[in-house]
Amino acid sequence: MNVLGIHIAIELIQIVVAVVVFLAFIGVNVLILVLMERKVAGRFQRRPGPFEVGPHGSLQTLADAVKMMAKELHTPGGADKILFWAAPIITFAPVVVCFMPVPFGPKYLTGWEMNLGVVLILAFSGLGVFGICLAGWSSNNKYSLIGAARAVAQSVAYEIPLLLSVLAVAFQVGSLNLSVITAGQGSWPWQWNVVVQPLSFFIFFVSTLGETNRAPFDLPEAESELTAGFHTEYSGMGFGVFFMAEYAAMVVVCSVGTILFLGGWNGPLVNGPWWFLAKVYGLLFVMMWLRWTFPRVRFDQLLNINWKWLTPLALLNLLVVALMVKLV
Amino acid sequence: MSFTWIEKLEAEKKTETDYRKSGSRWEVVVKPEQVEAAARAAWDAGYFIEDISVVDLQEGFLVVYHFDHWQSPGRVTFKVLVPHEKPEVPTISHIHSGANWHERESFDFFGVVFTGHPDLKPLLLPDDLGFHPLLKKPEERASLDAIANVPEKPQEKPQEASGQAP
Amino acid sequence: MNPEQAFRNLAGDFYTRSLQPGPTENTLILNMGPQHPSTHGVLRIVLELDGEYILRADPVLGYIHRMHEKMGEVKTFAQYLPNMGRVDYLHALAWNWAYVGAVEKLCGVEVSERAEYLRVVTSEMNRISSHFVWWGAYLLDLGAFTPIMYAFDDREWLLDLLQIVTGSRLTYCYFRFGGVSDDVTPEFVEGTLKWCEHMRERLPMYKALVTDNVILRNRCEEIGPIDLDMARRYGATGPVLRGSGVAYDVRRAEPYSVYDRFQFEIPVGTGAGDAMDRYLVRLAEIEQSLNIIEQALKTLPEGPHMHEKAPKRLKAPKGETYFAVEGARGKIGVHLLSDGGKNPYRVKLRAPGFSNLSLFAELVRGVLLADAVSILGSLDMVIPEIDR
Amino acid sequence: MDRASAGLFGEVRKTLTGLWSLVVGLGVTGNQFYRRAVTVHYPRQTVDNLSTFRGPIELIPSAKDPMKPDCILCGMCEQSCPSGCIEVKSHFEEEPDAEEPKAQTPAGAASDPEKKAPPKKKKKTKVIDSFDLNFNLCSLCGLCVQSCPGSGLRFSHEAYLAGYSRSDFEFDLLARMRAKASGPGSAGSDSKR
């Protein structure tokens, strides 16, 4: 055995360990996030939210998860069975990969440090819509089909400003490695990229809302129009996996936002993963705040916002950043 | 409040009624073939349809149209008596679109057929119900006289308006 | 039968089939409802879609049909009263009033002065509570979840007040021939005036949160415009009509009870007649109702809550009458016929939502599915009232 | 649409005011976020306005004997009920002490000889057997309470009604009244909250 072989073996083990850890991380985070969402919604609506299971309802999502797993997996008549059940997995699997290059903290708290981290995340987060599309198509339900059509159009559209705003940061830092981008920012808020590029951050954040199908851009599952959109026909864990994928995707995009714009694990006093998590959850809170405040936009308006405002703005922004990088 | 358009109307009987008692200012009894013209006149005079009600009587079905006006309120009631054997009234849904559903409802409840209706299918009742629930048993039916402020039976009187073809 | 054939037979019923022969190919027949989040109960709409654009719509009613009109014929005049709270559960008191008013008109029963004022107060309170539910539900349709909670918070207080006087919270049966069933307590008067003040402080919050919101404006403005011709053809009434710019309100047009003694405005839309106009009219009506309540409570006359001559057992003369009141959704009419028996000979209930909904099919032709939801919400449907 | 006429500047301005309205909206919900919840945690707390709530009807016990209802058994409530959910059963019983009314009649007869005209052989009184309310059918309209000529009926304030079957809501009002009279902590004592 040569040195290279050992290296490969170590890397493989590292990846496997990372995947297992990330799966656990996603599971725990989804449990917490769902509870948080419900509690936050409750606070906004002047009610306590879940309260009965566990102290202050803290075990509610666990109970829901158990319920969901215990439910029957029903395949609707006329559905394409293979695609129908593959769809949730196809939606969920890329999200796990997206965590790979995310530096949770200094030194070893990165699944797999790579130079093209940003590209990996963008590539795999774009895959999620594939699963949604399949789900809508294979359900043999008209609502699902419309939801899937919406999802595709929306996802394709919002990926562009997302990419452009990320690119602006990459231009500035000169790297696509997330660890490098994090390390390039200081501990204090005024040393973060968001101060340099507020517009990029704004575009990035709005695009992530569109990308993760969060209200007010939750059109693929707009329940007042499409009952539940692409996952109308899913029961039990089929729905549960979609649900997990959605929340995991939220964590991913908020992580990326934290790394690119909010200094990652850098923070006042002691740097570390706690700062990273705090910032991620801060962004997630803002997402929830938006969801529980605003009505949903209409589909053509959603695309208008993207094509008429975000994309030109992002292009302009990129141009300015490129110029600044060249000049400074 | 001008009701000259009613005076011009061809009808079997026109009565100015006591609004305080009946809630209606004019009551016009028309023949089935005059309904369309009456509805048209009401439309031209700026009236909108409130509802269509049917009453099951000994003499037949009394179809009651209520019209009202936005600017000069005053309800006008049109009444048509059709026999049980041939309960047919021409539709007015092409003039007052809102009458469409009221006619469908009356068809549901009483089986009164509105001829010329574009889509006379059940509205409130199941499509396979097979009977008309608001029909009264023959012995329970009241006569026209038993319902006050309805003028005397128009069906029996050979009216002077017999020569009009629709 | 091959599976495909079996499946085709499974898909659709009388109503979908009656829409089936479409003018173009490649369209989608979509059943919206009767279990759909934005059809408010059990309305069903069969839609023919081209992509997300609606080619044709056909509302299918009757899923909560209870044949109230037949019930009227088998119950005595008084026994029919509780039915009225259940026709339109959101503005039950207006239906109470329409029926009681019709019977009073028919039988010549007089109503005591105090009862007239109490009817005005409670009915207007009920109107506000109805508008609150509409407001919250409409925003739910548009995807905003929080406003309904704030509206229900205020509505709870209102229902507590109404509970003091009527004893129930939703399906009121408060009006009686010749008066109202119970007198009010001083704490009700005080509490209601206090609540009115609270509401005036609260309404700006509604405006800041929702009315001014750019997303809402874009979802409502220029959506579902109803012009005057269409409104008249379909016999639209209530906020739907007033949103189109016609100041037609039964409280003014055919003043019943003591409405002519109060100062209030009839809010009308800007003339576009779109969903935003209807929205604004309803919000403005909340304020006007507050005005009426305050005026009525401040001038509440003393006296009995039932007229002395009110009949203990009603004896209806033969005859026919029509009585209309202004409900939260428009003109509520009761066409009552009596042959002198102890039951009504025929009761016809004119539900405002029935006429208002009938223009939906024409209104949504060519709009987006999402707009159809917005339009349907802006018409303020209460399906039990439409289905009766 | 006058979008074209507004020009780019107008459009940008419109967008910015739109964005500001969103911020205002966030401010409203953010403001509510810190406030106390307005809801009532049901099993731990209960609402305090049940004294005005009108639940299923109940018999009013007579002032003398709380085990006996004030009901005069006229049957008006039964007749007026729209859903036919009240059933009163009674039978005639001879007055146990027939002497007492007889002793009273001369006094009345002295002032009003007309009343004496139909002399009763033996005074019979109606005795209540049962007073049943089928609450499954009741719509709480209050026509029975209103039609009661005496003061035999009233609304209770029970809001917390739950049962496992329909038969749980076929109330024997007589028994309920007696249970209430004998034990204050029994069902239907919500009114004191």
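By written order: A, B, C and D. Residues from 1 in each chain.
To be clear about the criterion, a contact is a pair of C-beta atoms (placed from the backbone, for glycine too) under 8 Å apart; a residue touches a chain by one contact, two chains touch by 3 or more.
This is a predicted model, so every value here is computed, not measured.
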Neighbouring chains shared between subunit C and subunit D, ordered by label
A
What is the chain whose Cα centroid lies farthest from the Cα centroid of subunit D?
A
Higher number of C-beta pairs in contact (A-C or B-C) found for B-C
List the centre-to-centre spacing of subunit A and subunit B in whole Å, with centres computed as mean CA coordinates.
63
Please report how many Å separate the Cα centroid of subunit B from that of subunit D, as a whole number.
43
Mean-CA-position distance for subunit C and subunit B (Å):
26
At least two other chains touched by the same residue of subunit C: list those residues.
146, 150, 153, 209-210, 213, 215
Among all residues of subunit B, which ones touch two or more of the remaining chains?
none
Which residues belonging to subunit A are in contact with no fewer than two other chains?
44-47, 292-294
Name the touching chain pairs, please: which are they?
A-C, A-D, B-C, C-D
List of subunit C residues in touch with subunit D within their complex:
75, 78-83, 85-86, 146, 150, 153, 156, 160, 163-164, 167-169, 171, 173, 176, 181, 205, 208-210, 212-215, 217, 222, 312
Where on subunit C does subunit B make contact in their complex?
14-15, 18, 61-62, 65, 67, 69-70, 73, 102, 105, 230-236, 241, 246, 248, 253-254, 317-324, 331, 333, 335, 337-340, 345-346, 348, 350, 354-355, 358-359, 362, 387-388
Using the touch definition from the top, list the residues of subunit B that touch subunit C in their complex.
20-24, 43, 46, 48-51, 53, 55-56, 64, 66, 68, 70, 73, 75, 77, 96-98, 100-102, 109, 119, 121-128, 133-134, 136, 142, 146-150
Using the touch definition from the top, list the residues of subunit A that touch subunit C in their complex.
41, 44-47, 77-78, 142-143, 146, 149, 215-216, 218, 222-227, 291-301
Report the residues of subunit D in contact with subunit C in the complex, numbered from low to high.
1, 17-19, 21-22, 24-25, 27-29, 32, 38, 49, 52-54, 80-83, 139-143, 146-147, 155
